[in-house]
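Input: structures, listed below.
In the two complexes that follow, chain A is the common piece, with chain B as its partner first and chain C second.
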Partner chain A sequence: MGFLSINLQILFSGLAVGAVYSLVALGFVLIIRATNVVNFAQGDFAMLGAFAMMTMLTALSLPYWLSFLLALAAMTVFGVLFNYGVYYPLRNRSFLPVIISTLGASIFMQNTVLAIFGPQAQPLEKVFKASGFEVGGVFLDSQYLVILAVAVLAVAFQYFLFERTLLGKKLQATSQDKDMARLLGIPVAWMIAITFIYSATLGGLAGILVGPVLFVSIGMGSVIALKAFSATIIGGFGDVAGAIVGGLLLGVVENFAGAYISVAYKDAFAFLLLFLFLLIRPQGIFGEKISEKA
Partner chain B sequence: MFGKIAVSWVALALAAVSINANAADPVRIGLVSEITGPNAEAGANTVNGAKLAVEEVNKAGGVLGSPLELKIEDNQSTNPGSVLAVSKLGSEGNIAALIAPVRSTQVQATAPTIAKLGLPTMIGGSDYGLTHSGHAWLFRARPNDAYSAKVIVDYGVNTLKKKKWAIIFSTDTFGTGGKNMLVDELKALGITPVLLQGYTNNTQDFTPVVLAVKQSGADIVSSYTPFSTDAAILATQLRQLGVNLPWIGSATLASDSTIRLAKEALHDTYSVSDFFADASPESQAYAKKYKQTFGRDADFYSSWAYDAVHILALAMNRAKSTKPDAVRKEILAIRGHKGAEGIYNFDKNGDGLHGYNIVKNEKGKIVFIKHTAFTPKE
Partner chain C sequence: MTQGAASIEPAGVRVAAALPVRFIGLSILALALPAIPFLFPVNSYVVNIFMQAATYGIAVLGMTIVLGYTGQINLAQAAFFGLGAYAVALGTVTLGLSFWVSLLLGIGVASLAGLVLGLTTLRLGGHYLAMITISFQQIFDLVMVNWTAVTRGPDGVPGIARPSLFGHHLADDKAYLVFCIAVLYAAIGLVWYLPRTRLGRAMQAIRENEMAAEVTGIKTLVVKVIAFILCAGLAGIGGALYAAGFAYVSPDNFSFKVSIDFLTMALLGGAQSPFGSTLGTALLILLPEWLRFLKEIYLAAYGIAVILIMVFMPEGIWGIGKTAWQKIRKPRTAKMGAVAPLDLDIPVEGQAPALHIEGIHKHFGGVSAVDGVDIAVTRGTVHALIGPNGSGKTTMLNVLNGIYKPTAGRVLVDGQDVTHDAPHVRAGHGMGRTFQNIRLFPNLSVLENVMVGAQRQHNPIGRSDAALRARAMSALAFVGMPDKAHMLAKNLPYGHQRLVEIARALAGHPKLLLLDEPAAGLNQTEKHELADLLKRLRGHGVTIFLIEHDMGLIEQVSDRISVLNFGRKIAEGAPAEVLRHPGVIAAYLGENVVAAA
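This part shows the complex of A and B:
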């Protein structure tokens, strides 16, 4: 393989893995902005989405696109349950009880899935039957291409939602200052519910996309979530663009470090990057949005 | 006053009941398994195998006239979880023996705790060092990786005639130990591997590994990959990036879960396998019973635990006691015990099996190629 094609190959798979981190990181960021809380069950949303998809496809034998839509719908419903079961009862407490509540939710979700589906890792159908194709010596995995395309679409949708719609402005207002938003007549509790629903659906989407590559297993979410959380910090804690860039950067850096320095220490490089950012630029690439309370 | 009398009668009655209960007190074996976490599938198979054996032991009269019972603890597929599980079992005080997890890294983590407890422990981890570091209480119900490496190298060099070896290995105890064994065996034949490529468990993307293999000019790939998900992703990406070299891997490559996940990517690959359903009448009977009871194919995750329970029961019955020292002596004295994994002849280090099968994945079906056995050094 030529020098260029080797590096393009590493870049491509790094971007694809990074895109998965980004999708999960987006979910983190949205919830952080709306509620000031890190949702430790974010990775498990991906796991649930993948299992929902698998159930529709194999147990109910539905066609792919129908299964996809139903699985996302199921995640939307789950987002509602999560909001009202995990966050809402503790909404007036400090952030710590809520974080612990999400931790508990994560354990509950994983073990419920274990009890229903058993511990076997399962394969999941890819979007396209073709494994992928080769261009100039670089193999482009079809699922990786889908992941990248969907990540771009998700970012575009998110931008449109937040910057160009009234709902998006209301969500932004809620995340910047809940009390002020309330005073302005914005239904804060409902805005937060929408945030959780959106995050859960986004997380589920990430799981459906990455399931064929990483296989559907109970622990699949935890593996991604830690890296996604690091991506959030690298990109700027609470910044949406930061989550995307942080995720992609993390994916690419760890792949190149793996290829050129040591594959065995690939994970170490991901966290080394985080460490360096915390040391040199703790506010992340795009900086933390700080709200001043008068 | 009547209250006090009533209480003392109740106490006497309870004491009488418990004295009687002692006569039929079960003999308990603690089983540490991966019930939750990424390896929950393998863990479930281990528990199934053990349960099958317990049923058989009890049907045949139990241990020393008492029923045999399993006390199962979950280690969450982690090392700290394993240490906690062993400590929990040890602190209960009425455990006669232990069955440790199948992961070498977890066995290694729990070894000091087991040494303190002084309980005979059957292990399924195949890292050579586990029975060669002076530990008195670890007994292995699978052949160790010194043998798997010998068999891999023997087949790859002498039968497939390949001299440019790429070794892909997990950086945990199992993978690193296996890699070291392979390097030693190749060295003995005058061969230096062209690539030693480690990776951490639960790696999401193996592109750098595959590219390294491509660039190394290797003509054969060998691997020690403990987790099915990693092995399946590796296989898929190797084939996607055009690496179609002959591949001889560790036992996970032939396990039911890996084959199901990797599908065509693992066709025409070889692996070492300690358990093979058609290898002997005992393994056939076991495989049949397992399939009937649990609806799944048996693999080495369950067969070693099945053998482990039978070996412990046998040793305790022969020792006519559950005292650790007596049981230990009897385990080491076992010769010619026919288990599902093979015929057990324990050497002084605590290794019971001394050979491996080479099997091939032919379009998804595991086919037996050959068995290589070694005489244990006494």
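This part shows the complex of A and C:
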């Protein structure tokens, strides 16, 4: 393989992994914008989605498309439970109790899955049977292509939802000023519930897509969540475009660093990039300076 | 509102009266604990559990400082704990250093990590801090597992030596346990005493309302970094004792899971009290022993428990106990001597105006909130800034005390340029402020609220606790509320909260007092009392720059008025002329009204 094709290969798989970070990061951003808190169980949505998919496929032997729909439906239900069990009772408190509550939810989710499925990492079926094809010396893995395509679709869907539908406007109003939204007759609690449902489904989708690449394991969500959150900070806290760009950037940077510097410390590079951003440009790529109103 | 002697009950007196009983009880308990292994035959397993509880307890006390007192989250306490542990492990085993040198090394390394982490992220706070500390925890794990040449990787470090103390080698488990418990007690004492100091009060003020703390003169960033260093240092001590106690460490002992354990221990027991944190530690270490029957789902139940604690007992077990105790106990009253009258005299320095606003512009994106305003406030006068809603008044006030940086222009206090100073520096120059939407420290007592105001830098009253307390009482007496000193600020009615906020500013001996709509939300009686208070302040020569909508109040108290509209100054002068100025009336009521009149 030539120098160029090796680097293109690294770039391609970096983008694909980055697209998964972007999907989870989108879920983060939506919840941040709706509730002003970070959901530390966001990555575990991906883990749950992957396990749900695996159960449908292997334990119940359902066809791929049906498993896929049922797994997403399960995540939708889970989003409702999560909203009312973890966020809703604490909605009038400061962000600290909510963060800790989501951490508790994360522990609960991981260990419940552990009790049921055991600690073994397990493989997950790809969308297409074909492994992929080669273009100009670069091998394009079919799953990676699917991930990139779905990420593009998800972004397009989200754009359509927020910019072109009344529901989207209501969600935006809720995230910008809850009191005013309430006065205008928008059911704020329901809007926040929808946000959690959407994020859980989105997270589950990311898990189903990345499962065949990373293997399905209890801890898969934690790593993805950390990277995804780093992506939201790098892109600009609470910024939708920032989450996508930050996720892709992070995926590419850590893939190159893993290839050229050290595989063992691959995960550390994402955090180093995060530290650098916090030191030099804490508001991220697209973010504005954060200031509190007096 | 009268000044002078009052029979009151400051918080300190009551604590002193209640102390002996509690103190004796705690002492008996404290001494009984380390005696247990010597009085009863216990196996080494039980001793190990005690040892784990004692060393964890020290680290959890660090969480009390950062989380309980300062209100900042830290999800890397296990990494700090691990730094202390690995310093002792590698120090004694690889480098052949003594335990004590390694211990110091461990505290040093952990504190340094706390400093670096604090400096990089505490400016951002909140969620950033949560995520950065998790990242630090992950990097620590990666390095400990992968840097095998130094850390010996996942196999860990065995054969860690125990220290000698006063010629006795603490090889015996029970003797070493007593040593660990002694260190734990020392740490409890330290953390218990902290809220009674300037530093501890500053930490709590940050927890309660960070912006108000900064504006009142607290170096919020420095205090938060110190809190982080103390927290990491305590974790380092705990980790060092843990390593020598168990003679073996591996990366598993210091994983993210352990950081969550430390956090949960503090929350379960009550993060705001060192006793609560220690209780939480003991319970959570014993809990897995008691809940063995749950087996695989123990950790899942643990996750649920974390959520339930947050929902149903946010102040932990200790908090619940404290609330119950306060309900059954009869409120005691103690007499206190006369309160000294509040000294508000400012030594006159030069002829410059007390406040000089020079060509201030403030733009937000494309919007000019303030568009080239000049105002000079003469010393000893009450100068009002009025204008319709959205005319830029509060923006101006935020520029004056440094919450916003102006796009252009200068702010001079007594001729000194403070444009580029942080809010706490301006408070140190004698700039006091109140907020339109009151910003007190709701869970501190009224007295503590005002003491925080008194502890600004360069306050001529001095730095001693007695001086701060006396100054705070004088300020409370000045606004007519010395009898409320012991109440929690959040339990006061709205009007009284405004007065406490003014007292907090006055305790700082302000050269210049900025008041943002002090009459907002007050009833007629309270407005009269406020007018009276402002007149008395002017009588004492305090310079006041005031935003207000209540024209009656403004006419009564102000010497001079400046009017803003759409970010520009449209009129200035004595109240009588300004309030009849056609431009001003038009700004408030619209052009047509003026034309018709």
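Criterion: the second predicted complex is superposed on the first by the 282 of 294 C-alpha atoms of A that agree within 3 Å, B and C clash if a C-alpha of one lies under 4 Å from a C-alpha of the other, contacts with A are read in each partner's own complex, and residues count from 1 in each chain.
The definition used in the following text is that contacts are C-beta pairs under 8 Å (C-beta built on N, C-alpha and C of every residue); 3 or more make two chains touch, one makes a residue touch a chain.
What you are looking at is a predicted structure, and each value in this text was computed from that prediction instead of being measured.
Partners chain B and chain C clash in the overlay (superposition on chain A). In the superposed pair of complexes, A:N111 makes contact with chain B and with chain C alike. In the superposed model, A:F133 lies in contact with neither chain B nor chain C. In the superposition on chain A, A:D141 makes contact with chain B only, not with chain C. By the touch criterion defined above, A:I10 reaches chain B but does not reach chain C. Touch criterion not met for A:F157: it reaches neither chain B nor chain C. Of the two partner chains, both chain B and chain C are touched by A:A264. Shared-chain residue A:Y84: touches no atom of chain B or chain C. In the superposition on chain A, A:L226 contacts chain C only, with no contact to chain B.
Within the three-chain overlay, chain C meets chain B in a clash at only one of the listed stretches 5-13, 23-31, 41-49 or 419-427, and that stretch is 41-49.
Comparing which residues of chain A touch chain B with which touch chain C, the overlap comprises 110-111, 114, 264-265, 267. Against chain A, the residues of chain C that register as touching in their complex are 71, 73, 75, 120-121, 123-124, 126-128, 130-132, 134-136, 138-139, 142-143, 146, 211, 256, 260, 263, 267, 296-297, 299-300, 302-307, 310-311, 314, 394, 397-398, 403-404, 435-436, 516.
The touching residues of chain A, counted against chain B in their complex, run 1, 6, 9-10, 13-14, 16-17, 20, 110-111, 114, 118-123, 131-132, 139, 141, 213-215, 217-219, 223-224, 255, 258-259, 262-267. Residue ranges on chain B touching chain A, taken from their complex, read 35-41, 43-44, 77, 171, 197-200, 202-205, 207-209, 211-212, 214-215, 228-229, 232-233, 240-242, 257, 260-261, 263.
Here chain A touches chain C in the complex through residues 32, 37-38, 40, 85-86, 89-90, 93, 95-101, 103-112, 114-115, 222, 226, 229-230, 233, 237, 264-265, 267-268, 271, 274-275, 278-279, 282, 290-292, 294, going by the rule given at the top.
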